[in-house]
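Report on one structure; see the data block that follows.
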Amino acid sequence: MRPPRQEDSSFLGLLINIIFGRRLGERFVSLVACSAVGLAFLVAVLQFLALQGHPEGATVHIAEWITIADLSVPWALKIDTLSATMMLMVTGVSTLIHIYAVGYMHEDVRFQGDPGRYPRFFIYFNLFVAAMMILVSADNYLMMFVGWEGVGLCSYLLIGFWYEKGEDGIGNAIAGKKAFVTNRIGDFGFLVAMFLIFGAVGSLQFEDVFHWAETNGLANVGVITAITLFLLLGATGKSAQLPLYVWLPDAMAGPTPVSALIHAATMVTAGIYMIARSAPLYSVADTSSYVAALIGAVTAFYAATIAVGQFDIKKVLAYSTISQLGYMLAAVGIGAYVAGMFHLVTHAFFKALLFLSSGSVIQGIEHGHHDSEHGHAGGEPFDPQDMRNMGGLRTRMPITFWVYLIGALALSGIPPLAGFFSKDEILADASLENTIVYILLAAAAFLTAFYMGRQILMVFFGKQRSEAAKHARENRPVMTVPLMILAGLAFVGGGLNLPGIHSLTSWLEHTIAHIHVTEFNVMVSVVSVALALLAIGAAWLLYGRVTMAKGDRDPLRSILGPIFIGMENKWWVDELYSALILNPYKRLSRALVVGEGEENEGSEFWEHFVHEIVIGKGYRALAEFMDLTVDLGFIDAFFNSMAGVTAWIAQRLRKLQSGYVRNYALSVFVGVVLILGYFIITAR
Amino acid sequence: MSSQDFIHSIPFLIVVVSASLLLVIDLFIRSTRKTVTAILAAMALTGALVAGIITYGSGGRAFSGMLIHDGFSSFLQLAILVAGLIAIAQAYDYIRRRGIERGEYYTLLLFSISGMMLMASAGDLIVIFVALELLSIPLYILSGFARPQPESEESAMKYFLLGAFASSFLVYGIALVFGTTGTTQLDGIMQPLQTTWTLKPLFLAGAGLILVGLGFKVAAVPFHMWTPDVYQGAPSSVTSFMSVGAKIGGFAALLRILLAAFPHAASAWVPVTAWLSALTMVWGNIAAIAQTNIKRMLAYSSIAHAGYILMAVPATANPAIASEAVNSALFYLAAYGITNLGAWGVVLAMERADGSGLEINDYAGLARRKPTLALAMALFMLSLTGVPPSIGFVGKFFLFRAVVDAEIVWLAIVGVVTSVVSAYFYLRIIVMMYMAEGEFDAGGEPVLNSTIGLTALATLLFGVIPGPLLAIVGQSGLLNMLP
Amino acid sequence: MTIDLAIFIGLALISILTAISMLLSRDAVYSALFLVLNFLAVATLYLLLHAAFIAMVQITVYAGAIMVLFLFVIMLLGPSRDKLGGPFRWQLPVAVILGLGLIAEMALMLTARSDALPAGAAGLGEVFGSPASVGKLLFSEYLVPFEVTSILLLVAMVGAIILTHRGKQKGL
Amino acid sequence: MNVPTSYLIGLSGILFSLGVLGVLIRRNTIVIFMSIELMLNAANLAFISFARMMAPAVDALRGQVIVFFIIAVAAAEVAVGLALIVAIFRNKETVNIDEVNSLQG
Amino acid sequence: MELLTLVTFSPLLGILVILFIRSEQKEVIRWVALITSILTLALSILVFLRFDPTNPDLQLMVNIPWIEVSDFQISYQLGVDGISIMLLMLTAILTPIAILSSWTAIQDEVKNYMLFFLLLEIGMVGVFLALDLFLFYIFWEFSLIPMYFLIGVWGGPRRIYAAIKFFLYTMAGSILMLLAILWLGLEGRHFSLPALLETSASIPQNIQLWLFLAFAIAFAIKVPMWPFHSWLPDAHVEAPTAGSVILAGVLLKMGAYGFVRFNLTLFPHAAVRLAPWMAVLAIIGIIYGAILSFAQRDMKKLVAYSSISHMGFVILGMFAINFYGVQGSILQMVNHGLSTGALFLLVGFVYERRHTRDMSQFGGLWKIMPIYGVLTLVVTLSSMALPGLNGFVGEFSILLGAFESKVLGSYWFGGVAALGVILAAVYLLTMFQKVFLGPVTHDENKSLKDLNVREIICLVPLLIFIFWIGVYPRPFFNLMAPAAEKLVTALQAAAMAVH
């Protein structure tokens, strides 16, 4: 089998763009970038086909990398069913998003006022795909780590793509830094895990490690538990799980294609992929698996509650992503690797779809804003992502509406869309394996459907709540066509692993051992579908109906949340029976927002207070304290004071040198008496 | 007076005789042509130098053992002669600039040199005493040479009074040693000590007082306090010579007495000299930090260096390494002499007719106006600090080696730590010259500059290739002298 | 107590008392005169210790020439009285304590080994300490120090001239 | 005279110490100078006493010879010292040593 | 003439030529200096070509009796092995870059500047090649002087304080080493390292300990290890750019090299026994440097403190006393020289334009100086050990070494040190953010020019190595492996004996 390397093509595109990008203009840049990724997709397809004949896969050795004594880490690619699945997904989605980005970024760079930055975007984008390819095709942990940090770097660069924008002009840059640093904490776990692995196995090659785990695993449960827990720490960083999820909402500062590709479809799933890859280890370490499942489930639920309280269209999706990643983590935690991977793939489809559509919405609104601004002098700050500025876009942007709806339904788990199958498989597994996890996930499923319903209703239904919304218009086909393709995938993605056929299971079986096939569980499906429908209904009751009834709604309505509702008797009855359950949720989600009564999205208690103030400020204060007090005040001062004391003594000695001869004679005499005294003592 | 006597003392005789002659000849040289006196004095020294080289190392005694001629004395006499030549060259321009040019200057210089040479070859305590006076009295006079300048007179007075005070102790010490050993001949003293005379308190007291007298001459703490005042007040050219010559003379006598006469009292004087050394290094180096006048700073520096050389003294007590220790002291004396004369040369070049230009601040920005002079000074400062590649480093290296070898590690540690302290004030000169802005300019007289150039060259050259000098020193060890 | 001892004690007392008096006289002239007395007392001791030549030298050179020189200078510079103390009063007690310390140390040394310093042998001839015997040594073994001493005196002479010669400068 | 040499040395030591004290406590330069002479004189006494003690050994006479040198050297010192005192007096009109302290620090 | 002698003293050629050029002819002087340093580089490459990487021993030895005194002998002894050749090459590469970088930055007294620079190169190369301890010490101390002048004459406002501090600290440490060197020379009456290695095992254990400490203090100050670091920020801040580059790139390596060359080889038992303590200090340095970097406003100071952190890794690695740690440590020396050298260059470039290094004076530079921004980003990433760039390879090996170390005997060393990787990201990204990201807030910055060709030429060689070592470090490991393995094997034998 000829070694197929996707990296080649994306690297090639990267290089061409770095070198020529500036001179050759947008058309060329986008062409190179898209064709590079497209080529990578093609290679992935070829690989997929090749693997049909050799499902056991192959390893392509490229070069030695780090070789010290018995540590030998090569640059080598592992092509097997698991990595091929990821490659297909990544390159496929990437290609679509690249194409979408051609259109989106064309507009974006003009809105933001720096068209010259267009090539840079695709350079980063290509670099990202390359890094992601390294990550998924690595044949050892260290090389995986290369991709792991590489995608983190691209994420950093792309979040801060508009580095002069954001809060105080620096918000985006800070968001990027936050992402990188938070990821580094995870990476620390990954590093330590690698050290532990090497200490135990003497190799970082997957093959060796897994072989060791299978043969000696039971004797080394302790070590493996430690290894897997540290790996889990890495995964929580990369895949935005508790407690390290905080960077992801802020990461929405990047252009929307970035959110779609990196922060929804591909990079954030790396943690899940890594755990799935490490299945042989996790299947030995029950504790770690249990912890993983629990973290996943709690995150899924927790993030969903927050998503309910969001007004920023992308933030809702961001929390939703966290929540869905929680599903996947829970899945791999309970041993349902295939279900996890399955959800990973379908989620990539519909979440990418949702993000891209939201980008379409945002740009539509921006267009509208732009258009409506003509004739008006100046204008107050306008947030094109705030859902309260939207409403009724269904008619202004029909294509976007439909694809968005498909994505939302897929996410909510409405059959027969992709999300239904993948999510149901997880729930079915969870119901068998772990009740707590199941309950949390089911609750999360309900919330998911609720907030997606809320979003759809706020964005596309009701009245257009702003001038911009009134003037919003549909985007060009270069953006809508990828949306439609993704919508199609989100629709039929469930076919990958239909109950009873389990094509994905048997495909992945070649790579991941210990796969257990979970049969379709009618009971679980019914419950989850019912929950979803119930939630959508509730959303409709809350938002859909009221929006239509009330019409021109005060956008500040939600500032006061439940209090506002309490004051407005009009909905008191409506709220009573539906919001009996909702209010506590809303309160809960609101309680996590710093500054009651102030709508400051993205500044949740946990991430704002704990991370920005306690950790960030505290660390800064510590650093300054150490700098001024400890380093200058103590260490430096200690050494300086030795000089100071010496100089002080020197001044004393100077005083002794009084200029009086008789003093000098006395000094001589003192010497005489002392020396004679010493001699007398010696002589005795 | 046999021919043997003559051969073994010829350099000394040449100097002392020509000095006496010069005293007379000078009367016939007009005061505007004192150059002739300088040249004659230099010729005398050169002649002695040649004689010294010819007779180098041929061991023997002269004048009933009063004079000893061996490698040790030869080496030190040559060193003194070289220092003397440099001193004449340095004085030549300087005393003319200061308006104190008189023929007696050179004559007295020659007498002082002869005293130092006598110190180096003395074989009897009484010769040491007489030589010490012959060394000192001309220096007292020279210190007051810039009369009626009050500083010069004051320095002469201080030097004189304290010097006389200290030599009284020396004399009394000699008396006690004589009384307890029955002789003043150095190897004679050793004989009774070897046999029956153990550490008699009176004898030890005598040894201690001798130590005081010589400690005063080499400026060891606490007998050092005259040094800064005298160095500052005396004409710089005198100070330059004094700081080197008197030190060489003092150490010559000290080493010879302790090794030739008192080796068996080592258990008593080893701790004392070690403590003196430590105290001297600490005091000298620390007190130098607070100085603003370059002459005072160099005075303290010379005190500190006396401390370094003193380190070798306790090390000589161990017979196995006595030779090594003495060699290291000799080498260090030479290294210190070269470097210090160079540094004083720069001071001389910087000093003006009215005596200004002696503050360290006056050196600000020298590197821009007189780059070569500044470079030389920087080299001297580094050498005094003991930074390679300079002769000062090699000297310290061998000194420390001897001390470590003698297992007096604490002293070596004091030595290295104070070296670091010393870097502080030596570097300040460099800082001033290279890193500060200033206006003060230096004159440039060819003879003076040539001495600076020569010493700088020697400082660097022997720092890189110390081999030849070390070889000479290696043949001059004190052990050659012992019967 | 032998006569010798009595004479010794008498001379010792004289020399000590004159020394103390020299130390305490406010007027330098008295100091000088007391010092002369002291020298004379010591010269007498020399004489009794079989050092006739040195005793003569002591009287002529020391008590005679040198002290006259002192007196001459004192007279030249005019009378001056000084008090003990000065700008630093602490020096006096410290000096006295240290001086007593030195005396104590001397005493300790002398008593440490009583057998160390016996009296000299009795019955020395006249030859010992005679000018002839001393002179013979001076010009044979001690030729070098002798010559050097003569040079020293020459140097001192030159120095005295240089230091006091007024030349072209204005002075006293 | 025949007394134990220790007595003589004791006397010499006392005279020496008095000389030292004189240097330390007197302010008149000339008296200080005289005190130094006293110290030398004490040393001379020690030499003579030791010579007497060792007599009639050949080496004993050396003590007396040395005293001769010391006296001669003292004379030389006196010449220079008094000249210096005179020179300074011309400048400063004082023989008080404490007033000669412009060089210090 | 022997090749190594030629390499060491080749800058003398330039010095002699420059001495005869009038100081007004600045351009000529610069070219002569540059060409001389390139000549040295060429000679170093020749050394590299003649060097047999499979041989673990010292090669291309020069051994000439130098100072012979009756009972002992000091020789002029040079040699190179897999460890020193890396640092030789580093020095040879960084010097021309440093000279090139001061092309326009230094306008005063160019003649003296270049003289000192070439003198410095002699000292540095000598330190890495000298095998006689006396000779080593001479080069070691000698290298102080030119650097002292470079800081003191061409430095910033507090240059004098910094220069003196630099000199005194380093001298204070090294002079204790001198005593230890003396002690070592007593027994065999010589100071030749290869010969001493054969006899050093017989030194009593407790004396070994003291000697180790005497050497260690000298090297620890130079590295600098916590708590002997406080000269470094001052020296770096005040030094001219090229001085900082050399200081960080080479001079600090002299300390680390000293540890490897002398402490580990001469006193293996002491090294093994003290390894945990050294590692603790190293880790404190890693964390401490990282925290302090974060608090800085001055870019150069930030990079200076980051040096403390990075050099902590180097020390940690070598005292892990296993193959990974030691080899990683040696590689990391080179890495740090490249990355931090490049960072100082970059800071210097912007300082030359704007005459400030206060980060609050910047912001949004990426937009104005895109090339500068990208290059800084790459170097920053290298410094924070992004996989695929050089820093990662070194730090990973070191951390792995520390983690697996039997001598250190605890996972904590590697684990805690790995936290430094997180903190590195914090301070470096903060710097990058403050300088390059955000809007352009100062009008003065709007007219800044992007890097010119000369400046890019300065950086390109460094960048090539940054990528090369990051992606394919094998040649570098191969070069040092035999020597490092020999060293580690001996140390591990000592460890067996101690435990």
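Should a chain be cited, it is by its letter among A, B, C, D and E, assigned in written order, with residues numbered from 1 in that chain.
In the analysis below, a residue touches a chain if its C-beta (ideal position, glycine included) is under 8 Å from a C-beta of that chain, and two chains touch if they have at least 3 such contacts.
Being a predicted model, the structure only gives us computed values, none of them experimental.
Chemist: Using the touch definition from the top, how many steps at minimum link chain A to chain E?
Modeler: 1
Chemist: Going only through chains that touch each other, how many steps at minimum separate chain A from chain C?
Modeler: So the least number of steps between the two chains is 1.
Chemist: Report the chain closest to the protein's overall CA mean, measuring from each chain's own CA mean.
Modeler: Chain E is the most central one.
Chemist: Please identify the chain with the largest separation between its CA centroid and the CA centroid of chain C.
Modeler: Checked the centroid distances; the maximum from chain C is A.
Chemist: Starting from the Cα centroid of chain B, hunt down the chain whose centroid lies farthest away.
Modeler: A
Chemist: Please find the two chains that have the most C-beta pairs touching each other.
Modeler: The chain pair with the largest number of C-beta contacts is C-D.
Chemist: Quick check: how many Å separate the C-alpha centres of chain D and chain E?
Modeler: A distance of 65 Å separates the two centres.
Chemist: Between chain B and chain C, tell me the centre distance in angstrom, where each centre is the average of that chain's C-alpha atoms.
Modeler: A distance of 31 Å separates the two centres.
Chemist: Centre to centre, by mean C-alpha position, how many angstrom separate chain B and chain E?
Modeler: Here chain B and chain E have centroids separated by 43 Å.
Chemist: Distance from the CA centroid of chain C to that of chain D, rounded to the nearest Å?
Modeler: Computed value for the inter-centroid distance: 5 Å.
Chemist: Which residues does chain E have that touch at least 2 chains other than itself?
Modeler: Within chain E, the residues that touch at least two other chains are 168.
Chemist: Chain A: which residues touch two or more other chains?
Modeler: Expected reply: 643, 654, 657-663, 665-666, 669-670, 672, 676, 680, 683-684.
Chemist: For chain B, which residues are shared contacts with two or more other chains?
Modeler: 126, 130, 133, 137, 140-141, 144, 147-148, 156-158, 161, 165, 169, 179, 200-202, 205, 228-229, 290-291, 424
Chemist: So how do the chains connect up here, line, ring, star, complete, or something else (other)?
Modeler: Contact pattern: none of line, ring, star or complete.
Chemist: Kindly provide every pair of chains that touch.
Modeler: Pairs satisfying the touch definition: A-B, A-C, A-D, A-E, B-C, B-D, B-E, C-D.
Chemist: Going by the contact rule at the top, pick out the chain B residues touching chain C in the complex.
Modeler: 1, 9, 16, 20, 23, 62-64, 66-67, 102, 104, 107-108, 111, 114, 118, 124, 126-127, 130-131, 133-134, 137-138, 140-141, 144-145, 147-148, 156, 179-180, 200-202, 205
Chemist: For chain E, which residues count as touching chain A in their complex?
Modeler: 168-169, 227, 229-230, 288, 291-296, 322-324, 327-328, 363-364, 366-367, 381, 386-388, 392-393, 396-397, 399-400, 403-404, 411, 414-415, 418-419, 421-422, 425-426, 429-430, 433, 436-441, 471-474, 477-478, 481, 485
Chemist: Inside the complex, what are the residues of chain A that reach chain C?
Modeler: Of all residues in chain A, those touching chain C are 658, 660, 662-663, 666, 669-670, 672-673, 676-677, 680, 683-684.
Chemist: Which residues, counting only chain C, touch chain B once they are in their complex?
Modeler: 105-106, 108-110, 112-113, 116-117, 140-145, 148-149, 151-152, 154-156, 158-159, 162-163, 169, 171
Chemist: Quick check: in the complex, which residue numbers of chain D touch chain C?
Modeler: 1-11, 13-22, 24-28, 30-31, 33-35, 37-38, 41, 44-45, 48-49, 51-56, 60-62, 64-65, 67-69, 71-80, 82-87, 89-90, 94-96, 98
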